[in-house]
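Encoded as structure tokens, the structure appears first; notes follow it.
In order of appearance the chains are A, B, C and D, and numbering begins at 1 in each one.
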Amino acid sequence: MLHFRKSLYRLLETTTGKRRGIELAFNLLLITIITLNTIAIVLNTVPEYNRQYARLFTDFELFSVSFFTIEYVLRIWVCVENEKYRHWFWGRIRYIFSTSALIDFLAIFPFYFTLFATDLAIVRIFRLFRIFRLFRISRYSHAFRMIQSVVTDKKEELILSTMLVIFILIIVSSVMYYVEHPAQPDKFSSIPATMWWGVSAMATVGYGDIHPITPLGKLLGGITAILGIGLFALPTGILVSGFNEHIREHKPPQRKVCPHCGKEI
Amino acid sequence: MLHFRKSLYRLLETTTGKRRGIELAFNLLLITIITLNTIAIVLNTVPEYNRQYARLFTDFELFSVSFFTIEYVLRIWVCVENEKYRHWFWGRIRYIFSTSALIDFLAIFPFYFTLFATDLAIVRIFRLFRIFRLFRISRYSHAFRMIQSVVTDKKEELILSTMLVIFILIIVSSVMYYVEHPAQPDKFSSIPATMWWGVSAMATVGYGDIHPITPLGKLLGGITAILGIGLFALPTGILVSGFNEHIREHKPPQRKVCPHCGKEI
Amino acid sequence: MLHFRKSLYRLLETTTGKRRGIELAFNLLLITIITLNTIAIVLNTVPEYNRQYARLFTDFELFSVSFFTIEYVLRIWVCVENEKYRHWFWGRIRYIFSTSALIDFLAIFPFYFTLFATDLAIVRIFRLFRIFRLFRISRYSHAFRMIQSVVTDKKEELILSTMLVIFILIIVSSVMYYVEHPAQPDKFSSIPATMWWGVSAMATVGYGDIHPITPLGKLLGGITAILGIGLFALPTGILVSGFNEHIREHKPPQRKVCPHCGKEI
Amino acid sequence: MLHFRKSLYRLLETTTGKRRGIELAFNLLLITIITLNTIAIVLNTVPEYNRQYARLFTDFELFSVSFFTIEYVLRIWVCVENEKYRHWFWGRIRYIFSTSALIDFLAIFPFYFTLFATDLAIVRIFRLFRIFRLFRISRYSHAFRMIQSVVTDKKEELILSTMLVIFILIIVSSVMYYVEHPAQPDKFSSIPATMWWGVSAMATVGYGDIHPITPLGKLLGGITAILGIGLFALPTGILVSGFNEHIREHKPPQRKVCPHCGKEI
């Protein structure tokens, strides 16, 4: 039994290194089910598909939830193989509240919630959390961890530049409100309403449903757009310096030897 | 009294290092008031909230101004603890004209202005300067100073690329004016009017209220859009090289050993 | 005959190094024909040109296909001069299935397909594959190979960030669907329909044909737009670190002198 | 006379180093005239200003052309002080055909052209070339030359990525034409017409005057938008690596000395 648990642990949690046939097959199965699940959730909202294939969607959802529930229970059972969750009771409790287990729980939770409680649209969104599973099993886990580590390293700078964007957004929108409100009182009706213009101008989206028409408003809109160019540059600069640092630190240093005297330099 | 001033100085100005309970509490209080203030100023312009909670907004503004006025006066009193503003009179005068004190003043100024003079909408915007206070007290002050230092280092290059954007904007808009004016005399009515198209095309906003319709105008619009891609790359390149330089210069050097005497350098 | 094959091989495949007159002339001829071809294919779809110059387009296409067919056959004949395709039969088979030979084949295939089978619009698109020929002969082949090598090096990170964009797109669109569907059931009619909004918001295109109108939807739209800024930063950061690594590795090392023996390393 | 020519040369051409009072004054004068000129050219196209201040615009243009003509003639006279243009006749001819002298000529040429020949709108645009003068005299000439040198270094990569953008634009637009033409024959009327959509989608402008409506067209539009994100990353990556190389090469190498044995490492 304990040996079986160990094998199962390796099957479920192995994300790196050489994988044998069965682990590869299990991973492919998981990728297939998750991808089909995502497609099913998305297509289920299209009225004609919903009507035509209602039965298929329900059955597939039932199968998926069963599959993920069994997998979830098994993961809790085998998690004690991990050094971090060794204790038979507290280890499992701690595992249940780890990020990845919580995501797994949220992915199956909506089914049981709608079964026993009312059917809330917002709850159904959690089913999409199944997508995040792909990051754990994918062969891109190396690249994913690299990106994750860079983002974590530069967390403060990224939060700060997001704060900066929001502060500039508030100020630009407030000024724009006082400038454009007299000319378009229905569109620039309040600062929060103007912020919808502001965010779409600064992120250079520009839906066109709201834009300044007065000369002063257009001047301010132009300055905002040019400012937006700079706002794209800031997070890029932060991430780039993060990537560079990461590579410099994680690369094996090149050993250099003088070809004449044979000593290392 | 002097001892109290010193304690107060440390409470008000401490931004880095380990903070004890009271300083942390004061900082949290400040963040809360400033955040509530910003939300109040923004929501105050929404007609329905303005009507319903008029009293609440007025009271909160009164409380905030009192709080910030007391804080402003206290800061002027304790600033002499700082080496830079040591002189009891000239030090305080110099402190009043420092950037951060001016921002503090502008944040409370609108209230007294509308009290004694007329109520100008534009003056009320200054109240939003309270937001900038967050940069000083936040635990992101390290990251903020880094971004600030990079931007300052690359000031000339950033100004120059902004100038470049404006020059290209003027030239592209002028050419577009001569190309599109005959076809759309009401939209591309003058070069300044065409610049509104130009800035939204180069910053890739594209509101859609004004765009070329002649084949030649569309060709020029396409070239402008591709040029816009490059204009995003320039400030990014400048900021990235700035970040790299900053990191290289400010990083603790890796421990190295002199190849001659074997000791650490 | 063998000597002629060798000369022909050098004429057709030389992309780098010093080129003599005839090779330069052949390259210029190729660039001219390909450019004219692309222009012809593009302009052929303009109704007025199609009507007026129908004959010219047909004749030029006939000439181009003849030219590229002869060139294709000649390339297969001479390919055995290359070390990689040395075997007189299997070498040629392997060459036919190499990427560049397949592109060459696809570029002439539509003509013969429409001649012997039905005329499918989609097949005609393959004619545009002739453009890719320009990369092989151009004097930009050095820069092209550099960009290609950086993209190949960072393939995993780039695929991962594309996956990330798609995952975020699915989640954002799903949430937006549940938020905006009640207010605009005709525009946000299903999650796939909402994904059209999502992709244009995250890539900051913003056509304006579909956008949220409810306050909650606008808030979510604003967050998506700011998220879009970060999504531009990620691939840039990846490519930049790729370029930096490439340059560091491929640059001729700066001449250094060993501090022990004084000789150059 | 020769001494005066030398002084004049220094006055006109000095762009770097310490400037004495008169050179600074001359530079300020030049900046003022050029800025006023640009504003005048731009505002002259606004109908109401044109009618009201017609006389002022004409007089200022007359003054400016006189000023720039005298300056142009003087520059040709003194250019022989420069090593590169030393010969009294051929040196001056070569100077006349140098980039900066040609720009100077184009800036005054429209006035004489409209005086002796017909008044062509397109010719008037050249007057805006006066703006480029600002780069030469500004104190940003150091930063300008850095940006210029990076762009020159990476010329091939930048041209190549522009070519790549154009190739992808042609292919994407062609496919989109075959996909959307049946559904919107008036908007996606030909491949060139579709390229107007293509360029605004890839550069993420999105005016909204033309966009796909079929599911397949929207899918292709979404892929194009995500592709557009990558197209922003490429030139940025190229420029960043250019800036990094530039800084690495132009920075004075830091001399390191072992603090223990005093020898340089």
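One rule holds in what follows: contacts are C-beta pairs under 8 Å (C-beta built on N, C-alpha and C of every residue); 3 or more make two chains touch, one makes a residue touch a chain.
Only a predicted model underlies this, so the values are computations on that prediction, with no experimental measurement involved.
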Contact-richer chain pair [A-D vs B-D]: B-D
Greatest separation from chain C - chain, by CA centre: B
When chain C is superposed on chain D by its C-alpha atoms, the rotation angle in degrees, nearest 5: 90
Distance from the mean Cα position of chain D to that of chain B, given in whole angstrom: 29
Centroid spacing, where centroids are CA-atom means, of chain B and chain C in whole angstrom: 41
For chain A, residues contacting two or more additional chains: 192, 195, 200, 204-208, 232, 236, 238, 240, 244, 263, 265
Residues of chain D that touch chain C when the two form their complex: 156-157, 159-161, 163-164, 167, 170-171, 174-175, 177-178, 189-193, 195, 200-201, 204-208, 211, 215, 218, 221-222, 225-226, 228-230, 232-234, 236-238, 240-241, 244-245, 265
Parts of chain A lying in touch with chain C, wherever the complex brings them together: 38, 41-43, 45-47, 121-122, 124-125, 128, 131-132, 134, 140, 142-144, 146-147, 150, 158, 162, 165-166, 192, 195-196, 199-200, 202-209, 231-232, 235-236, 238-240, 242-244, 247, 256, 258-261, 263, 265
Chain A contact footprint on chain D (complex, rising order): 204-208, 236, 240
